[in-house]
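The same chain A turns up in both complexes below, where it pairs with chain B and then with chain C.
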Partner chain A sequence: MTYVLTGEDKPLTGFGALRAAVSSLDPRMRIVMTVIYAITVVALDDLRVLSGALILSMWLLAISGLPFQKTLKRMAMMDGFIIFTLILLPFTMPGTPMFSVFGFDATWEGLWRATEIALTANAVILAVMTLVGSMEPVTMGHALFALKTPERLVHLMMFTIRYIDVLREEYLRLRTSMKLRGFRPGTNWHTYRSYGYLVGMMLVRAIERSERILAAMKCRGFSGRIVLLEEFRLTRTDVMFAGAMVLALAALIWAEVAYAAA
Partner chain B sequence: MHIVDGALSNPVLLGGAALAVGGIAMGLKKLPLERIPAAGVLSASFFVASLIHVPIGPSSVHLILNGLAGLVLGWAAFPALFVGLLLQAVFFGFGGLTVLGVNAVNIAGPAVLAGLIFGRLVARGSPMQGAIWGGLGGGFAIAATTLAVAFSLALSGDEFIPAAKLVFVAHIPVIVIEALLSGAAIFLARRVKPELFAGSKGGWT
Partner chain C sequence: MPLLELSDIHFAYPGLEPVLDGASMRMEPGERLSIVGPNGAGKSTLLKLIMGLLQPDAGTITAFSKPRAEEADFHEVRRRIGFVFQDADDQLFCPTVAEDVAFGPLNLGKSKDEALAIVDQVLTRLSLMHLRDRITHKLSGGEKRLVTLATVLAMEPEVLILDEPTNALDPDNYARLTEILKGLDQAILLVSHAPDFRAEIAPEGYRLEHRKLVRI
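Take a look at the complex of A and B:
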């Protein structure tokens, strides 16, 4: 699925399958550990400890075998979205002034708060992308089901994953035909109406497609059960990995408490 | 519109998560097995639509279309948009994990609300009337989302209030564009496939 956004070539194995070293670990364990990791890191406040968390996430990325640059680039894209809020923070938080721009005082407290948010956000999203994002989306669905996620929600997710790609191709076909008819987007009513019609047409085609899908599924006796293609098994490596993660998190919490007391 | 991990306070995160669980449960309850393929394919099309960039002056904005999702899907928009947010966080790195609940409430909440308020109006009358109500619904949802984002930031700390105000002002053009686009989309859908809408008779929900 990743190529939907990045415009890369389609992987042959289907959706964004990345051959990563972490792929051999139990997907259920990876999901659970990621959630525990995220909750722990969000609870941390000390900048030194949060830097430690970011280093831990980097280390996860390093052992995962994911392409280093590409993953970091994607993380930087998220930073692009939050940068404005972060830049504003030093000016809006009361505290000791650092310097002033056009009469607005920037404070140290605000700068620390902004750094704290940036470190937390990056550490968590990097861990999420390496541990869970490296899964085949279908595997993620099955793992979530094995972790007692409601069956219908998993079905809905699997359908979404399956058809994002199909519908994107449909979207590109519609865009091509618009281009062939000389459509050039600009800031005008014609553009917005045409985009609206484009979205409307996509919805109409989507609902018609879903009617065909339902007919095909009924024909094959679909009953709403999720059939798991592989059985997840917790191996010794999984337990060791989880143990190492828990130890690392315990160390982070210990450091936070120690710094807070100091 | 995504809030990232680390910005919000714990009570806001917990409140968001609890509301999101409720919304998903409610949405799934209104989604019989027969309708899952339709909801899934529509959820995927809203995901793809959110990748469209629409020009505005020298810049461009990407669509959210949560109002349109609510008008078409009704309550099912909640789990559908939640799935979209989950996939974006996990595979694209947009948003975060602990804020998933808050983000879902901020985006899917207004969608469901738009569906409840404008859903029937959109399916009634002439296509043009439907389009006008749809445009209002689309604008309403995105405005409510912006307010909800601002509200969740402001609840977490006073230092965010200026940023929250700025977010709202900066999104006024987006609100207008989403309203125009939703209206046009509904105008076309009403003429081609009137049964698309959740509020219509013999509709898919």
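Take a look at the complex of A and C:
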């Protein structure tokens, strides 16, 4: 949480501010294509085909106009979550032994499976980052709404987008005031108690703020529904992009079937 | 006929000392009144009572010639009285400025196109068109304040209630706010600790002391 709350970037700004080339495409189409892409890639098994999928994701990154290094770094951060699974997998899968460490055998089957997972995960996450991650969160909320996501969930997301920064600033103000009065975190009860107060105070303030927001909404005639304004248009470029993606996916599936038959 | 009349209002938060103990006031059409009083005297509570966000323990509130007691009575009051909150972050909850300004008109049953027309018209009138598509939480404090005023004016209220509108404004934005408010034709009920601001906008009014309202 501390990372999320104290990182250099403001939370939830993401790459949206970079005005990537891909952001001119219809957000609804991007979300739908990402979902189709993810489902297809997860269904693939063959390592050669999965490498193809990763190349396709790289191509998406190349045409998206996002900064290469920064995006790949983010992808590597995701790898940090699955690295232990990948390392342990060769030792836990039964099969032909490759080498052994402290009496545990690493198997070739396990190694192939780990590679498969790594390729799938990276291909999908890269596509998600280029197609969906490049959206302003607000735009994404609107696109989800246009795709008939339940209104309540969309509003929940929109309120989060709106207020996470207010809460973060409140947290930073409290932290600063603690620091200015000589607070140095350590491993002792005083620290735990102070952090407890900090979290408690943030909760209390959040509740009070939510009550004030509701009051302000009521004063402007709120009756339980929020109407969203943005409208999207599907252009020829969108259709062409979606067509190209579908063709590429069809090619991947065809390759998978062809390799499986061989 | 007064726009707004409070008579003999009593109010206490549960388990606490009474905040108001027989407070009365009245406001005529087009009148501009300010309410002064020390911190914690109950000014914000008084405003919440007027908007129906709190219910008085005793006393009557009459707005636009009708007594208002139930939640349903206040729906009309909220449409005709615009309330600008003390903290702009409480009021601006939509992601973009345009959506926030459109929120009120949409609640009043306007269509999307009508609401957007109102957005453009209000923002143009307040010279805020450059903020139209900005993300609300990225606005500066002064911009937020002016936008909250726009969100309320979009509902074309007959009365404006302003709770500490000059809080945290720099001299430029302060001057703009003063200028905008002077150009409006609505009746105004102002709560402010700034004597200069009161003198410009609403020199007359009430003092809240000893849980009662005294005309000054």
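FYI, the second predicted complex is superposed on the first by the 235 of 262 C-alpha atoms of A that agree within 3 Å, B and C clash if a C-alpha of one lies under 4 Å from a C-alpha of the other, contacts with A are read in each partner's own complex, and residues count from 1 in each chain.
Methods note: a contact is a pair of C-beta atoms (placed from the backbone, for glycine too) under 8 Å apart; a residue touches a chain by one contact, two chains touch by 3 or more.
All figures in this text were calculated on a predicted structure; none of them were measured in a lab.
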Exercise. Once the structures are superposed on A, label A:Lys179 by its partner contacts, choosing first (chain B), second (chain C), both or neither.
Key: neither
Quiz prompt | chain B versus chain C as contact partner of A:Arg220, first or second or both or neither | solution = second
Exercise. Tell me which partner A:Leu229 touches in the superposition: chain B (first), chain C (second), both or neither.
Key: second
Quiz item: Does chain B (first) or chain C (second) touch A:Pro150, or do both, or does neither?
Solution: first
Quiz prompt | More chain A residues in contact [chain B versus chain C] | solution = B
Exercise. Check whether A:Arg168 is in contact with chain B, with chain C, with both or with neither, and answer first, second, both or neither.
Key: first
Practice problem: Considering only the touch criterion stated at the top, classify A:Gly141 as touching first (chain B), second (chain C), both, or neither. | Solution: second
Quiz item: Which partner does A:Lys70 reach: the first (chain B), the second (chain C), both, or neither?
Solution: neither
Practice problem: Using the superposition described at the top, list the residues of chain A that contact chain B and also contact chain C. | Solution: 158-159, 161-163, 166, 209, 213, 217
Quiz prompt | In the complex with chain B, residue positions of chain A that touch it | solution = 1-2, 4-5, 16, 34-35, 38-39, 41-43, 74-75, 77-78, 81-82, 84-85, 88-89, 91-94, 110, 113, 116-121, 124-126, 128-129, 132-133, 137, 140, 150, 152-153, 155-164, 166-168, 171, 185-187, 189, 191-204, 206-211, 213-214, 217, 224
Quiz item: Which residues of chain A touch chain C in their complex?
Solution: 136, 138, 141, 158-159, 161-163, 165-166, 209, 212-213, 215-223, 226-229
Exercise. Provide the residue numbers of chain B that touch chain A in the complex, in ascending order.
Key: 2, 4-7, 10, 13, 24-25, 28, 31, 33-34, 36-45, 47-49, 51-52, 54-57, 63, 65, 68, 72, 79-80, 83-84, 86-87, 89-98, 153, 159-163, 166-167, 177, 180-189, 192-193, 196, 204
Quiz prompt | chain A-touching residues of chain C, taken from the complex the two chains share | solution = 48, 51, 53, 75, 78-79, 82-83, 85, 87, 89-96, 98-99, 102-104, 106-108, 112, 115-116, 135-137, 151-152, 155
